[in-house]
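One chain, subunit A, links the two complexes that follow: it is found with subunit B in the first and with subunit C in the second.
Right after this comes the complex of A and B.
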């Protein structure tokens, strides 16, 4: 006899068979709440922040946590909680916009190249390979130095940096799908490119593409934080989380919450996004189950 | 202990994605004596492979052995620890997989893989193992037994690889060998050689065999007893003679009946064949192949060399030949997937472009192709409804209610329950998938359907049902088929005219209704290689004369 009983194996996978016919994973549930939490914070920042981002309210700098100043104060005596809440707007907003543009463009180009092959594939692949060969931080520095830092510039720069990766990834997946007979059937039915990529290929690669999107979101958050850390990201008095870490780095010797809290915020967001994408709800296809 | 293998009350359970367990093997009892061959036969999903795997103490992921005992040479495979089972695998029980091509590591030489078992179990020094392997290669009548081990798996043919997989299983001197459909993927002409080799080696070493198959004729050649399985339960068990001549269970009778497909109903078509002279499809000296064009404008490797044929309206053409003879390439050239390099295609009185891209939508609609593997021909991410609905929208502009009604009608036509429309291909059985695959071609309302080996992945009963369906639909809809297969009985059942292909050329045209016998030596070889239900067929068969003449 195999050792585990049926109830034992059910408990070990730890899922909730919801009435909707979807299996929801506990890890997925927790990470989804964290992501939704940060999204809501970003959305309603002006209503929930006790102070404005630039207002100095504490006489001391790097103040500890205390009632009224829940996350302490930063290097200029500003309320850290408010700065963190406003920072969420930049970190979540810019990264989300950039990752959407990067993955959409990359995946569409990747599937197109895989389906059309030949010269189109050749030209697009070589161009994006060339782009890929430029170190990402250097490219960001160069663009910001040339045209100055603004939010649209940051979004576009970050997405351009991550398009080649998304392209390579989706092209590799789509090339495999393209050799399947059902693509051949669709081709000799006379189907055109948009149908082939959206209806035949995309549904078969959507899982890995989403996982890749999560990974790339994390890369973008980190790169944006890196750029802000160098002073090239979001400009004062506003700051994204990366900038918050940089400007409060002087608080490290004092164990100031001002430097720890934004680091934790970056960590919770990036880890949750990845866990969420790895644990998306799965449809239960066994209909006879009670 | 009298028997080598004793199975008592064996049950196996599988789990679904909602965590529900259900039985897939419902209490099996079986004894196998040393040197005896027992065949497990049944349709796909009957549990025959699952049952065979329990001899290794193995249940596939998501399955578990839930009850009963499986004693192999005195060891109960069910209660042993994984480590103890591993020690028995390869030395007491061995396994020969269905697809040897997938079972070999392409990056290592054959010899290294064959003697791996002796290395893992520390049975003998490598040099001795190599000598043993060479002896086995010789016993399995492999060509160049001394040198074949130094090759890589892709450098030998499919039939040879299957025999090498058997050598790999036999090197640890097991007492029981499980053959899991080892010849299903092979041509009939190759299958004969492989079966002979297996039979000779296992008989000489007195090895008990479990032979899993869905082909009754193959089993008749090799087995002593047959166990017929269906839905995880034993239907009938008996000696080969009993099962073949005196079947008692209805399912066994059905299996036997499927082996003699009904050739009736073709007489009417045969008359049409004689009177109707308007060709629907006419091909003249068509050539097609692969690789870059050479200086003479032809591709590097020509797979089809100047083939001409005609299909008359409402009649069927069969194309038969072994793998690599160019029959699938011919179908691809006709469909325009692989543009022909030479020759012309006339369809319905009009010249067709060689490439499907240049053909009009109407021409594409009139000529549909159905592929061999329904698994890869149906998009796994879409529901049956979407798969069938797309050609309706694409060719006929149907949407909404009209489209739904037509999808229902198509499902009725191919005898599938309407409730299946919301399922995905992975939730259907092999036969159901092939029906959906065929219904998609019907959705276009074509005049000619190219069927590329559509029954070869199916078991006999299901294949016979599909053939009956095809015939019925032909009567109702006035279709024509081009039927490509290496299975002669299938082609004889449905075709008015048969073309035998060999090395890219047609060697003979046979009209079955005229009771015409094959004349060309290759056709003779091909026809005589088809296994017969007669258990003595393999032993009395003399193919060498035919083979000599072909060479």
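Right after this comes the complex of A and C.
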């Protein structure tokens, strides 16, 4: 009902009705295809990269774009296209792992707090709020200073940083659902906590929770790239896109493609995830509101 | 009716204090749980066991962590931030000059970004659904979804490489003349302004639009008020609280921004000091910088909350 009224007013341009019954618009489709494109690049990196990531093939450094070296060469004369393709694995892979852990933990804690209420809710909320008041980059810096930087440490740190956000969001949604009659009925039936959160609450908040997961993925990509750019994220010989910008920053005065291309890669990924979420069909985004 | 404002503000301050305590606890223990004994690291491999034991006593390392935490907190209150491991200089001396530099950068950015962002945000809300509004919205989404260092690299490319207006590095120029000062600060301030403003524009636009959707504004419209009058006279006073909140929250983005901006432009501020301390594992320095950052962050967040409480007439 809500869906019809809201799309009816905006149905003027670019809407196509997908066979599933969901209405999708062009911006959403374009951004979805960019996201899928990067996912495929990350998945099939070894098959599509023309060279290995460490191979030096150009005698010149910061070479321009030309046939055979489609994105130019980096500060050591390595093929930028191959490095970018392998970099996608680190940026997308680490962020995806971190966002999965963060949202899973945050959402389970959030639903549990909403159902249990009382002291559990108080303590968990206060602690996570305190965690939230450490600026994210600072937290990352401190952990790297303490235990050094490796890929498992990065994944764990990034997920810990974004648990409070996921917790707050899902708790707010779950508290609304928790006041509904069917939850009351389930409680009276004597259902236990796991059943309540998995079978009664989660199905009702899953749409917004998934949209929130997408936004948090963007935050994580941004933070990971930022840390790598500072030299505290993914360590050589491996390089994600942030590290690629860092190692080629010397090419900035000559506007070398080696420094511009990874910046643009990050921008296309994050902007299209953001736009994709903004243009998700109302049916998915507003499921809890209906 | 008795005013609830003082008790609400007191509650906010109390929460901030509790949070600060938990945070300082976290900062201290995150950096002390390191593998390796500090005294052994400091004195090197050739140190005698007696020397190590002596240094451990002098640094209170032989006492339980909780006691050391209390010593550390007490030291902070007396302005004693400890001594840097890397060069054996009191942390306070290292920090003082750098902190002033960072505050200068942050202050300049605030002066530029707040008027700019509020003008853009409010006018975009005023002319909602026009081309102007669309351009502002798309540009802000673009800037928000991109890491700070990409904004910085693109700004350097445009202003320093193609247009050649500004130097690519900070402090390569003398800062004794006004023009020199302008050139030295321009790139970092421009970058930070982009990062901070985007958030502020979005939030202030949303706040004004929300008030514009209320029945009393519709009433004013029906009464025949002009569009600028509608926004500035009727909607804006009520949107002031969320806008002030947005300003304080957006300024907390400065913290993340300065870490990147100071590194990329080689600006001698406290964030650069901290990034360098991380690479040399200089713990007392990291702890102090982290505390300063968390304190600044909490200060801004708490200010945002208190402003929101103060400007809500229903609580007075």
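Miscellaneous remarks
Simple rule for what comes next: the second predicted complex is superposed on the first by the 256 of 290 C-alpha atoms of A that agree within 3 Å, B and C clash if a C-alpha of one lies under 4 Å from a C-alpha of the other, contacts with A are read in each partner's own complex, and residues count from 1 in each chain.
The definition used in the following text is that contacts are C-beta pairs under 8 Å (C-beta built on N, C-alpha and C of every residue); 3 or more make two chains touch, one makes a residue touch a chain.
Computed from a prediction, not measured in an experiment: that's the story for all the values here.
Once the two complexes are laid over each other on the shared chain, residue contacts for A:122 go to neither subunit B nor subunit C.
Of the two partner chains placed by superposition, A:40 touches none, neither subunit B nor subunit C.
Once the two complexes are overlaid on the shared chain, A:232 sits against subunit C while remaining clear of subunit B.
In the superposition on chain A, A:263 contacts subunit C only, with no contact to subunit B.
Once chain A of one complex is fitted onto chain A of the other, the partner contacts of A:191 are limited to subunit B, with no touch recorded for subunit C. When both complexes are overlaid on chain A, the residue A:48 reaches neither subunit B nor subunit C. Between subunit B and subunit C, more residues of subunit A are touched by C. Taken in their complex, subunit B has these residues touching subunit A: 15-21, 59, 64-67, 78-79, 335-337, 356, 359, 361, 364, 369, 371, 373, 376-382, 390-391, 394-395, 424, 427, 440, 444.
Residues 18-19, 22-23, 26-27, 30-31, 33-34, 141-142, 144-150, 153-154, 156-157, 160-162, 168, 252, 255-256, 259-260, 263-264, 274-275, 277-279, 281, 283, 286, 290, 293-294, 297-298, 301 of subunit C are the ones touching subunit A in the complex. Residue ranges of subunit A in contact with subunit C, taken from their complex: 126-127, 129-131, 133-138, 141-147, 218, 222, 225-226, 229-232, 242, 245, 249, 252-255, 259-260, 263, 266-267, 270-271, 273-275, 278. Residue ranges of subunit A in contact with subunit B, taken from their complex: 1-2, 6, 9-10, 13, 15, 17, 23, 180-182, 184-191, 199-200, 203-204, 206, 282, 284-286, 288-290.
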